[in-house]
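Here the structure comes first, spelled out in structure tokens, and everything after it is commentary.
Chain lettering (A, B, C and D) follows the sequence in which the chains are written, and residue indices restart at 1 in each chain.
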Amino acid sequence: MSPDLRTRLANVELANPILTAAGCAGAGRELAQFFDIARIGAVVTKSVMLDPRAGLPAPRMAETPSGLLSATGLQGPGIEVFLQRDLPWLLARGGRAVVSIAGGSPAEYAELARRLSDAPGVTMIEVNLSSPNLADQGRHFTDDPAAAARVVHAVRSHTRSDIPVFAKLSPDVPDLVELAVACVQARADGLSMINTVRGMAIDTTTMRPAVAGGVGGVSGPAIRPIAVACVYEVHAALPDVPIIGMGGVRTGTDALEFLLAGASAVAVGTVIFHDPSACVRILREFEEELEERGVRRAADLVGAAHRPMGAQPAR
Amino acid sequence: MSDFRPVQMRSPVLTVRRVDAYYAVTVVAPGIAERFRSGQFIAVAVGGEQSSMLSRRAFAIHDVKPDYGGTVEFLFAVRGKGTAWLAERRSRDLLDIVGPLGRPFPLPRDPVNCVLVGGGAGSAPLFPLAHTLRRRGCRVDFVLGAASADRVFSAITARRVAETATFTTDDGSFGVRGRVTDALPQVLEDAPSDVVYACGPMPMLREVTALAARYDIPVQVSVEETMACGTGVCMTCVVPVVGEDGITRMARSCVDGPVFRGERVRFDDVGTIPFDALGAPGWKARGDDPVSAREAG
Amino acid sequence: MSPDLRTRLANVELANPILTAAGCAGAGRELAQFFDIARIGAVVTKSVMLDPRAGLPAPRMAETPSGLLSATGLQGPGIEVFLQRDLPWLLARGGRAVVSIAGGSPAEYAELARRLSDAPGVTMIEVNLSSPNLADQGRHFTDDPAAAARVVHAVRSHTRSDIPVFAKLSPDVPDLVELAVACVQARADGLSMINTVRGMAIDTTTMRPAVAGGVGGVSGPAIRPIAVACVYEVHAALPDVPIIGMGGVRTGTDALEFLLAGASAVAVGTVIFHDPSACVRILREFEEELEERGVRRAADLVGAAHRPMGAQPAR
Amino acid sequence: MSDFRPVQMRSPVLTVRRVDAYYAVTVVAPGIAERFRSGQFIAVAVGGEQSSMLSRRAFAIHDVKPDYGGTVEFLFAVRGKGTAWLAERRSRDLLDIVGPLGRPFPLPRDPVNCVLVGGGAGSAPLFPLAHTLRRRGCRVDFVLGAASADRVFSAITARRVAETATFTTDDGSFGVRGRVTDALPQVLEDAPSDVVYACGPMPMLREVTALAARYDIPVQVSVEETMACGTGVCMTCVVPVVGEDGITRMARSCVDGPVFRGERVRFDDVGTIPFDALGAPGWKARGDDPVSAREAG
């Protein structure tokens, strides 16, 4: 009997816990050339902003060991085009849409939430908080739990009540648990972790920073142990808050690792660049991992690494 | 559209040959060979199962053959870690390949005169193009340049396929000393040309585009921007390109390109976000129907 | 003409900028089987404490993509054995000794500094601040710039004036530049960065944390972009303070990258586990990199990535 | 000492053979072959130049031969990523190997009776040991166990070299059903033994040590603790071992071992820091000359 892969994120149930990570799969269209996007738990779309955005100049990326350093600057078409072109396309293909949003102020986020709530078919909203806070000299919302909470609160207040709101956190913060608690108190229904890790590379030929933005974000398997630690610690502090875990997931075993640490779903990002079929391959591998262990329900494994030795879930 | 969509496959290596400064790898890849159109490329995963190298390497398809259901050949020079790994492959190894990718060279309807300009490894995609053009009755003239003789690409094939083939090397070790753009004006003078196709480094493409404009000849350029995925999802390969609506967008060279109309590429602004690009800092929307605005390319 | 590789760290000049990283090369004895340890800039020894220390239980490590997750708990013989056995051995082989110290209070650090100042032959002292502060419920000294400053001040006050004191920083701090400034104000002669990055792995077979300590430190090439960003930012803020850069150095090109970011010397850690000859190989590769670029003096490259485009050093 | 120090070399692979559930790899490594003593191991870098796998994999040396200046053979079962990569090597590939490493099996001076006990792949180092012991006129009895028939190691060689060879499998598919420790008492009863050598998983070593103690026979065990470097610098491979001075230390199994006297290893405390270990939390120094205190092992 094949294992039950369903997972619950607040009041939403997904067919399985394998999602795409925001900004690594567009709105699903490009990947649909390689597999049926209706088969994965959900497509988390690239963070959308109110207006079109050109992003940062090239070079936008440098390869690092088992990772990628990137600074794309949230290039995108804006909410208007997203609602008219990208979202309907995804829904028509049977995909579940988790829409990631980004803005420069709580009001912008709120406006995005309102527009998405009016549109049919949005399964969840993910609030990308790693965006510069225009009111605070370009500090990011994640740098300040109070600022992050204001954004989450604004989004939650303008989102239809049946649409869960997840707050996406960055690991580069003074106190991750404090930030997580602030978001939950501001009524986030769940948390997504982690966004990229601050990093830099120098091009030894030009002797200048390798990405035009100077500092960029590190993603990919290199950051997986950092991400697992974040998920583990936040799940320990907030065991009832659902988490979408991400950071370097490459195989079904990696997805399992995130579940054990406390994630209820797992998003695949950078590895998609390496393997456009990654999500379905990981889903298959994940299912095999459960079968090998005789685990009947994926949901039973969430947070299992926190239980005392010997108290791992019944097989 | 779905007929042309790329496929991902684990392709057995048939042969790896040394050709002057290049390696020529032939893989068995029926799905890619049958879909291929000139100008398209493949994206190859490098380093094996436990590779520390996550981004795919892009290579122009140099040749496809019907053998074994369909083979694909690409050529490359060893440059960094990924190409060093590729150069060590042997026959029967498997390569994880995605392709064919990208917008191909648009082909003329009529049997017109075409000049094909290539620099170094950038000459690769011009060879299948030359064959296709010849099959359509076009005249083909080649201008191929490189740093030195051993980096000039397939000179013999070029001579065989083309009406004329001009070679340039930086060090004068083969053909004319200098750059392709030094030799190009003469070629354009000698034979009245209808279209120029160019592939190579960005500065070369800029100059070729400027020259073609001077002679009032349309030019198609294939750009080589750093790529991570090749499939359009990572947004790292962007170049500023003017759309049909006159609006500049940061276009992904892997799916909106790599082939663009030369005059559409804002070569002087490569590596920047032009202030008037869609969504540039301070940019304000013009027009009220952003969806119908045609994508750049 | 081969390039001049000498580098200056405060008032000390080293023959070249390639060092071992603390805790990754013992006191040089094991590596001396593979190369002449007098050839590298210096051996940075494993952090020594006052008393012998058994460390943490096994399993102490897990492999992560391009990295290592480890928690060894500073196992060591204590300062007494170090001074009688390890230091004399290293000096007898012609090695330059940078001695790393760790303690639970400023007084312990001070006592270590005093003992080392009395011993002949110590080239430098590196203060490992990523050690639990016994007076502050096990928080690390790096968590609190004031506590870190107290340690640095105590060490500097008890160290012979001709021995430079370098403070070793962790990247997992609320504000790295603030911490660096606090250490320098407490009279650190230089900074070493970075120590390992907080991380975790779950063993998917036992379903428990993979290292006995639960949380561990990630090291190796995976963290290099994080380390380069730290060095770059601190060098930007404190351009006159010498830095020993480390974190995933694997090749001569990587060493060059750290110099360009602002390091005056570079330490090799985890990669030694993979290649016991790494330090001399990297030294050779580094020299070749300079030759290829026609760079005459390694020291000219320190911080070159900060200079405006086109102002890179004369070749 | 310097004669025995390990070397690092890039060794060409001579052959990779499938032997039941194992792969047997032979490499050309003269420096390692000539220094080798039974019980020592090699540490192999896996994954190639751009590998994402940083820790070396330890394998017991199974055989050395004088061919090509000196070859070394090791056997392994595919377990994880590194062994999967190794299994794909072909002849002429190069492997980065460090060896010989670790403390070898101490050999008896006189021609005594020796029982060699091995579990699964852990049997590998017992074969060169058996040959050496035989050369010294010792009697050798083998007890080899495994999960199933295809995991029993070199049964034919064992029969040829040893006076008696007893085999056990968990599933009874070969030899006696059960574990080596079920068969060992009979072997010790049948032939009066002077020393036991054992190699395999920790629980097996614990039981063999307990049995040998019951028969009052000295036992040398070779432990298999997770290793990252194999050369003594990473401090990850520690086990609690009682020194000659009676003090327990966290000994590095790669340089202080992998061979220890069985009764010195605190098997029940593996995976912990015993409260009375040197430097354990709360530990207070006894004696005042810590340097002269002999290292564990």
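Assume contacts are C-beta pairs under 8 Å (C-beta built on N, C-alpha and C of every residue); 3 or more make two chains touch, one makes a residue touch a chain.
Fair warning: this is a prediction, and the values are worked out from it, not measured in the lab.
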{"item": "Mutual neighbours - chains that touch chain A and chain D alike", "value": "B, C"}
{"item": "Whole-Å gap between the CA centroids of chain C and chain D", "value": "34"}
{"item": "Centre-to-centre distance between chain D and chain B (centres being mean Cα positions), rounded to whole Å", "value": "56"}
{"item": "In chain A, residues with contacts to at least two other chains", "value": "65-67, 220-221"}
{"item": "Touching two or more other chains - residues of chain D", "value": "52-53"}
{"item": "Category of the chain touch graph - line, ring, star, complete, other", "value": "complete"}
{"item": "Complex contacts: residues of chain C adjacent to chain D", "value": "23-26, 30-31, 33-34, 51-61, 63, 65-68, 70, 72, 75-78, 80-81, 84-85, 212, 220-221, 270-277"}
{"item": "Sites on chain B touched by chain D in the complex", "value": "47-53, 81, 84-85"}
{"item": "Touching residues (chain side chain B, partner chain A) in the complex", "value": "5-8, 45, 52-56, 96, 98, 225-226, 228-229, 231-239, 249-250, 255, 270-273, 277-281, 283, 285, 290-291"}
{"item": "Chain D partner contacts - residues on chain A that touch it in the complex", "value": "65-66, 221"}
{"item": "Interface residues, chain A side, partner chain C - complex", "value": "64-67, 69, 174-175, 197-202, 204, 206-209, 215-216, 218, 220-226, 228-229, 232, 248, 250, 253, 256-257, 260-261, 289, 301, 304-305, 309, 312"}
